[in-house]
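Pasting the structures in now, so scroll down.
What follows is a pair of complexes built around chain A, which joins chain B in one and chain C in the other.
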Partner chain A sequence: MNIIAAGIFDAFTKNNVHYLLGGLGITVGVSIISVIGSLIFGSFIGIIIYEKIPFLSRYVSIINDVIRNLPLLLIIFFVYFVLPVIGIYLPVFWATVIAMTVFESTMLAEIIRGGLLAIPIGQTEGAGSVGMTNQQALLNIILPQAIKKMIPPIISQLISLVKDTSLAVGIVLAEMTFRGQIIYAQNSNYTIPVFIALAIMYFILNYGLSLIARWFDHRMAA
Partner chain B sequence: MVENNQDNMIQFVDVEKYYGHFHALKNINLTIKRGETVVLIGPSGSGKSTLIRAINGLEPIQEGHLIVNGYDLHDPKTDINKIRKRVGMVFQHFNLYNNKSVIENVMLAPRIVSHIPEEENEKYALELLDRVGLKDKAGSMPSMLSGGQKQRVAIARSLAMKPSALLFDEPTSALDPEMIGDVLRIIQNIAKDSDMTSLIVTHEMNFAQNVANRVIFMADGEVLEDSKTSDFFKKPKSVRAQQFVDQVQNH
Partner chain C sequence: MISLLTSNFHSFLVAFGYTLLSSIIALIASTVLGTLFAILQIVPSKTANVIARAYIEVFRNIPLLIIVMFFYLVVTKIVKIGGFTAGTIGLTLYTSAFIAETVRAGINSVGIGQTEGARANGLSSWQTLRIIILPQAFKIAIPSLGNQFINLVKNSSILAFVAGGDLMYTANNVAATTFDSFNSYIIVGIFYLIITLPLNYYMKFLETKLKGMA
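This part shows the complex of A and B:
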């Protein structure tokens, strides 16, 4: 008991706390940029596939399926280790952001496409029957109905995005999990307290996201 | 090229329609003049919905010409939305916009398709809702309405675009019996208007006799009969039509 208690205090020296919070900052940074990027690209891709545009939709859909079915870690490695072979060098932070954005866009595209498809075809036909274009029907009738159904799965996807930023340990991005490792490598007594601290920080981040989700749900229901 | 006669609202010329390998419309030749009211009947699966949906561009045709309001739907250069502005459709299952209130259902297309000024649009929408007896429901959401009320809103929504023609695909088939009369009365009023061309798929034979100038009977993707209403109900020419009418009337 004493040993663990001593370990808890020792683990959180001013330096270590500072170092760990810096990692939190990087985790949050990667997450926010990737969330915004993948929401934008995911929506575009999802709508392109849904709209069944000749040729384009098919090829986009195939590429989307391929990427979606690869492990995220492989994509992170690809961006960081393979792109330099063809002359594209990215700092580890941006390599992570790009890999996460590409991967999460494909996941969100699938959610968005599915949400759009869940709206009965009669809604589109009703809009078409009075002369609305496909885009007008999408914007005014289909999307507003689909978004309500999409928000819960989108938020849970974003929560796994935040968690998956820890995979960037693999390319030595100094985010939260990586920095935790560095700290408990100094002293094995630090292992448990650092893990608890990491868990709490990930929990707070993601619980925050679920609160936002719930707030959206309420607003939508109203 | 097919001759473009201004008196014709809808003209099928040698139209063929396939769903994959299934031949759904077989050599359809058919003309509906401006102002006419035509009822389309036939057994289930005969292609009535396919035919009426083709007129509104909801089903592409594979061969022939389908000329609606002067535009050939089978011509890739034709802007389908231009036709749909002038040709409304009333569906069996209403297809009201679930995310919009009753009056918004009526006002949306005139606003974003025809760019009608808001005040004029609202005034006309209320007038139409009054005409279908639902002015007091203007602010309600579709989910709050009965089937009959939904269909009346759908009719008002179509009328708001001031169409030259209206297509009705079994407008009362999804309704409770006590709702049917009201909706048929409204449709009859619309069809009576000499400027309005109406094509109505229905199983309501009394209504058909009252409202139609002509009756078209379809079976297995073909038009088997196209007669004046009085001739048709006196004695259909084909045995299939005779059997069909007996069946529907006895049930």
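This part shows the complex of A and C:
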């Protein structure tokens, strides 16, 4: 017990805390860029699949399903280790961002497609009968209703995005989890305190997000 | 790609078995654990509710990697466990938090009239839950439980970090020994899709079928 207690305070020297917080910055950076990217691409893919454009929608849907059903870790490794084979060299940070964006876009596309499908067909028909074009109906009638239903699942997907950034340890991105490993590799007494610190930091990030989700839920219900 | 597959077929097959084994054990264990915590959330006891809530929030908001590494590095000092066991325990705890939420949503969507009817017929509250509510709740929850299983199979790739001998771990090994990372990752991807893609389409089918019934 004494050893653990000693370790808890020793582990958090000024340097180590700085180092971990720097990792938190990278985690947040990867997350924010991937969130923006995957929201844009995800909406795009979701709408393409929903619109049932001949040929295009079908193939996009198949590719989407294939990527969605692969482990993210595999996609990260693929982007980082395989793309150089065909001459695309990416720094670790951008390899992670691209892998996360590709994977999360497909997950978000599925949520967005589902949300659009949940709107009754009568809405589209009604919009058509008052003279709206398909695009106008989608933009002005369907999307505003669908977005309300989509926001809670989208936010829980974003929570898993933040958690999944930890997988970039596999390609040695110096984010929070990796820096934690560096710290406890120097002194094994630091293992437990570092794990607790990592858990707390991820928890704060994600619980904050889930509070936002809950707040949205209440507002939408009201 | 074919030559790489044939020359390493045995190791890929064993790895496929480990991935499947880990996923199935974790699915069964986390369904039991998840149901337990779902029930703890709805029983009329403040303490039980708080404990269940805390458990779910903690495991839902911490990366799986941290949980698995914790078991692999810390718990193994007290109880000797290997990478596969540590990974499977981590997967179980992580997934059980999600399944608890799924089952709770299922329980909530069973009408209150069912409980009232069962109690009026003289069933105890435990009997009501076990005989009347849970079977209906599980029926509603099946599509999302299936999606959890797909996630579980994908998440089991985390075993690669703790030398769990799963598909991802083998892919890394084969890529490192043959320098053919392209093909080894593609092959392993196909192995994952063999499990997840049919399940994915079956779950979609079930969802539309349930929607049609409602």
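General observations
Throughout what follows, the second predicted complex is superposed on the first by the 215 of 222 C-alpha atoms of A that agree within 3 Å, B and C clash if a C-alpha of one lies under 4 Å from a C-alpha of the other, contacts with A are read in each partner's own complex, and residues count from 1 in each chain.
Please note the rule applied: a contact is a pair of C-beta atoms (placed from the backbone, for glycine too) under 8 Å apart; a residue touches a chain by one contact, two chains touch by 3 or more.
All of these numbers come straight from a predicted model, not from anything done at the bench.
After overlaying the two complexes on the shared chain, residue contacts for A:Thr177 are found with chain C alone; chain B is out of touch.
Between chain B and chain C, C contacts the larger number of chain A residues.
With both structures placed on the common chain, the touch criterion links A:Ser166 to chain C but leaves chain B unconnected.
Look at A:Ile155: by the touch rule set out above, it reaches neither chain B nor chain C. By the touch criterion stated above, A:Leu72 is placed in contact with chain C alone, chain B being left untouched. Legend: residue contacts after superposition of the two complexes on their common chain; A:Val82 is shown touching chain C, with no touch to chain B. Of the two partner chains, chain B is the only one that A:Gln136 touches; chain C does not reach it.
In the superposed model, A:Tyr202 lies in contact with chain C only, and not with chain B. Shared contact residues on chain A (touching chain B in one structure, chain C in the other): none found. If you check the complex, the residues on chain A that touch chain B are 122-123, 125-133, 136, 140-141, 144-145. Those residues of chain C lying in contact with chain A across their complex are 57-58, 60-66, 69-70, 73-74, 150, 153-158, 160-161, 168, 171-172, 175, 181-182, 185, 188-189, 192-193, 196-197, 200-201.
Of all residues in chain A, those touching chain C in their complex are 65-66, 68-74, 77-78, 81-82, 85, 159, 163-167, 169-170, 177, 181, 184, 191-192, 195, 198-199, 202-203, 205-207, 210. If you check the complex, the residues on chain B that touch chain A are 56-58, 81-82, 84-85, 88-89, 91, 93-100, 108-109, 112-114, 154, 157-158, 160-161.
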